[in-house]
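Taking it in order: structure first as structure tokens, then the write-up.
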Amino acid sequence: MTEPITLQQDETFVLNVGPQHPATHGVLRVKMTMDGEYIYNAETVLGYIHRMHEKMAENRTYPQYMPNMGRLDYLSAMSFNHGYALVVERACNIEVPERAEYIRVITVELNRIASHLVWLGAYVLDLGGFTPLMYCFDDREQILDLLEAVTGSRLTYCYFRFGGLYNDIDDDFITGTRAFITHFRKELKMYAKLVTGNVILMKRLKGHGPVDQNMCQRYGATGPVARGSGINYDVRRNEPYSVYPDFDFEVPVFTEGDSYARYLVRMEEMEQSLRIIEQALDKLPDGPINPKKKPKLIKPPPGDYFAAVETARGNFGIRMVSDGGKNAYRMKLRSPTYSNMHLFDEACRGMLIADALAFMGSLDLVIPEMDR
Amino acid sequence: MNIQDKTREALSTLFADMPSPEPETDDGEEGEEKPEIRGNGILEQDYHAKGFHLDVQLEPNQLIEAVRIIYDLGYYLESITGVDWIKEEQLEVVYDFSRYDFDLCRTVVRTRIPRTEPHLPTITPIYTGASWHERETHDFFGIVFDGHPHLVPLLLPEDADFHPLLKDFKA
Amino acid sequence: MGGYFTELFTGAKSLLDGMWVTLKEFPRRPVTLNYPHESVKMYPRFRGHIELIGNQEGKSNCIVCSMCQRACPSGCISLAGVKPEGEKKKVLTKYILDFTTCSLCGSCVESCNFNALRFSNEYNLASTRKEDFIMDLLKRLEEQNQ
Amino acid sequence: MSLTLFNVVLAVIIAISFVGLNAAYLVWCERKGAGLFQRRPGPMENGPWGLLQPPVDGVKLMTKQLLIPGGVDKAIFMVAPVLAMFPALISFVTIPFSENIVAHPIDVGVLMIFAFAALGGMSLLVAGWGSRNKYSMISSVRAVSQTVAYEIPLMITTITVVMISGSLNLGDIVQTQLGGFWHWNIWPLQKQVGFNLLMPFSFLILFVCSVAETNRAPFDLGEAESELVAGFHTEYSSMGFGLFFMGEYANIVIGACLTVILFLGGWACPVGDLGFFPFTHHVGWFLLKIYLIIFVFIWIRWTFPRTTIYGLLNLSWKYLIPISLFNLLLTAGLLKVF
């Protein structure tokens, strides 16, 4: 445990972490003012892969903007597909057939597990353990295979359509998913032994990287970061969308607010996602996957619309301002890690660099989604 | 009393000296009437059609007070964004607030400022996390948040002097 | 003092647990494929770059309606056709896909009402030259016919 | 005298080739082991099972350009990799591979190994200091505090064994453990001390310390790649990096040798003497034991996450040093009694 120490400003140096640094998972840069190995002050610099997705929305028609959603958060692209589909469906008042809703939930939850697996592997890699990454990628590979067989792509999905889906799932997918659930339950036990229970990991995470509820509120942190601080907030529960109210699942909440709590939240979430998928497969109705009545040209009535979904990292919101034309007048993408990462600057003060990077990993950053 | 009424009541103190706005909840009409006709005040929106519950429009000088009220009610800041209404020569800044508890109430606070002189007070003393959102809005729209501690480009390059989300921006 | 030893022993046990997990993996067969020598079979729905579908005569079904061109978010499709004398339909003369900007979203395939486009199964696309990704799909169709 | 000198020169030559070959193939073992632990096959392309990978890597390292960053102290920068390699080489001089195969059986062999091991720590400091890089600097400071913290329990444990054996000569230490695996120092029951329950723990302490001394995961704080990029060898390329690499693997072999000699009976055969089989003869046993220990090194590395610097120091000062000190006292007492 690190004791709080008084840091001296006149004996500091600046350590430039990133934009190319193994722990930043991409091109994030943190300018750290250090006193020895202690962080005196940190300033995050964003924008290294800023692509102005919001401007692109103004130049493309609504269906044409769908592929952009997969490029925001490459790890849980499905959820972003869902968010965008929701807001346009809300604006144009398109009904989604029930089968499509169920398939959406199944694919989103599979994608959530895949995303958490990458996080788990990369996080333990941040902490210096290489092997769990490979196991995670092995399991993730099976999810990607399942999704690839249905959607045709492995990472940057463009699977959802307004009111429905690109194509239907088949029996192979259902049996494959069921087999995966059985397999993955075993793997989760293995991870618990290999990683969760490991004393080195616990020592590194317990009590480090404290984020309290007030901090979450001030920064707007959502997702596992908020849930690790005792805030019972999950958009799937608090603001039910799609067919989530049909399922029986728990929202894991831990009150400690440290890196280990965030870690446990995600581990628990994978199990809950398995439960949701299982129930959805059981209940999967027959029927069409695209609505019978769908406007040929998507032209939402003027006004502004909002939709939020729970991605693997938290609350993803889209604010869409329409002027009645073929293109959006303004599309604001509220990405979860943008807010989650923001609290790093404040929370990491006085930490050792090793702990700070462990803390950064526990926020589960996906840089393209922050920079948009 | 549910949180929606509570918030509306708390915020309506801001508009005490104004006549209460006409109940314009019908969407179709709202769409036809261009937003510039809309005066300051609180609108209750149909959540299923719009995705949010309370829609508050106010003057820039009322902003800090409104945000303070919202903060005290336990809302968290989702995002800050701008919209360029070039025809009306105005910039709209939209603040999205949401709640962590099960009293679902998304509140939108919006205010309009002239395009030629885009100045707004910062809300970073209340919501620390507004800092990046305000910097981003500054990047994209050139809106200056007075009192912001560190208003330098965040997503755009450090030397960027253009504001890409303005409608008259040409790449 | 009791805590001291409990911590020591639970800690040591957790380490041994972890080592047992990795040891069990050690003798198992690798799950990876030795890529250039073996490769996976692609799924029928895999989205490679698009290609033209040939009908029985080996000609394209395309009638040059340009729907795919309009649907494409990145504007990477350019096509041209002529209307031969005495025929009702246009005949495709040029179909260029600029794969450098393609995002494989499938909008073009979806928008095609004449069963003229599909995804190929090609995933081994690598080159050091940009020009290799400006693809002439008509030429590709001819090559496939041979 | 001249014979001794000849012996030493010969030994150094043999040691260099042994260390070089060993390091090269230990890298292969490490990569292969890592692969198998991680559900993948490891290197497969060059030669059968990738067996030709090490020479290819060697050629690559040697033919690469040696970059020297601007503004560094060139002398210090260049001397550091040599310093990393050289102590490990020298230490081989006194390692007894069998009764007869030892370059120079120095009477204070244990001390010599420790002296040069400390020099190895210095090479990290020099490399970090000479690189003119903040990450390297932090890394080298960490490495030094780690070396200091871990040499203490390492030495105390070694002293315990030395007290039991009554000699600082590594060969003599092995001699006292001959005649079957139950005579090895790892077991609590010893004729010199009667019954000392702490001996297995001493072995563990020695093992942990040698992992820490060689800067290997989970104690690889010096080159913690997710924090410090590559630590002290961030700025080294080509053979500068190669020497660090070889030095690391040479140190692993030294650590394994020390563990085997002090606790696992060195070249002694586990059951009596099976000298009539060629492989079971002395050198064979010694190498087998070393590689078993190295396998555990690799196994550990590919299982655990990294500790932090304070976690590491806590482990050393709160657990390893008290236990090893207590064992030292206990052994001293028992030696008096029996």
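Going in written order, the chains are labelled A, B, C and D, and every chain counts its residues from 1.
Simple rule for what comes next: contacts are C-beta pairs under 8 Å (C-beta built on N, C-alpha and C of every residue); 3 or more make two chains touch, one makes a residue touch a chain.
Since the structure is predicted, the reported quantities are computational estimates derived from the model, not experimental observations.
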Neighbouring chains shared between subunit B and subunit C, ordered by label: A
Chain-chain pair with the highest tally of contacting C-beta pairs: A-B
Farthest-lying chain, centroid of Cα atoms versus that of subunit D: B
Rounded Å distance, subunit C centre to subunit D centre (Cα mean): 49
Computed distance of Cα centres, subunit B from subunit A, in Å: 26
Whole-Å gap between the CA centroids of subunit B and subunit D: 64
Distance between the centres, which are taken as Cα means, of subunit D and subunit A, whole angstrom: 43
Two or more partner chains touched - positions in subunit C: 15, 18, 21-22, 25, 31
Sequence positions of subunit A contacting 2 or more other chains: 131, 135, 138, 194-195, 198, 200
For subunit D, residues that touch 2 or more chains besides their own: 37-40, 302-304
Which chain pairs touch, all of them: A-B, A-C, A-D, C-D
Residues of subunit A defined as touching subunit B within the complex: 46-47, 50, 52, 54-55, 58, 87, 90, 93, 216-222, 226, 231-233, 237-239, 301-308, 315, 317, 319, 321, 324, 329-330, 332, 334, 338-339, 342-343, 346, 371-372
Subunit C-facing residues of subunit A, complex: 60, 63-68, 70-71, 131, 135, 138, 141, 148-153, 156, 158, 166-167, 190, 193-195, 197-200, 202
Interfacial residue positions of subunit D with respect to subunit A in the complex: 34, 37-40, 134-135, 138, 142, 217-218, 220, 224-227, 229, 302-311
Of all residues in subunit B, those that touch subunit A in their complex: 27-28, 30-32, 34, 48-52, 71, 74-79, 81, 83-84, 94, 96, 98-102, 104, 106, 108, 127-129, 131-132, 140, 153-157, 164-165
Residue numbers on subunit C that touch subunit D, as the complex places them: 8, 15, 18-19, 21-23, 25-28, 30-32, 34
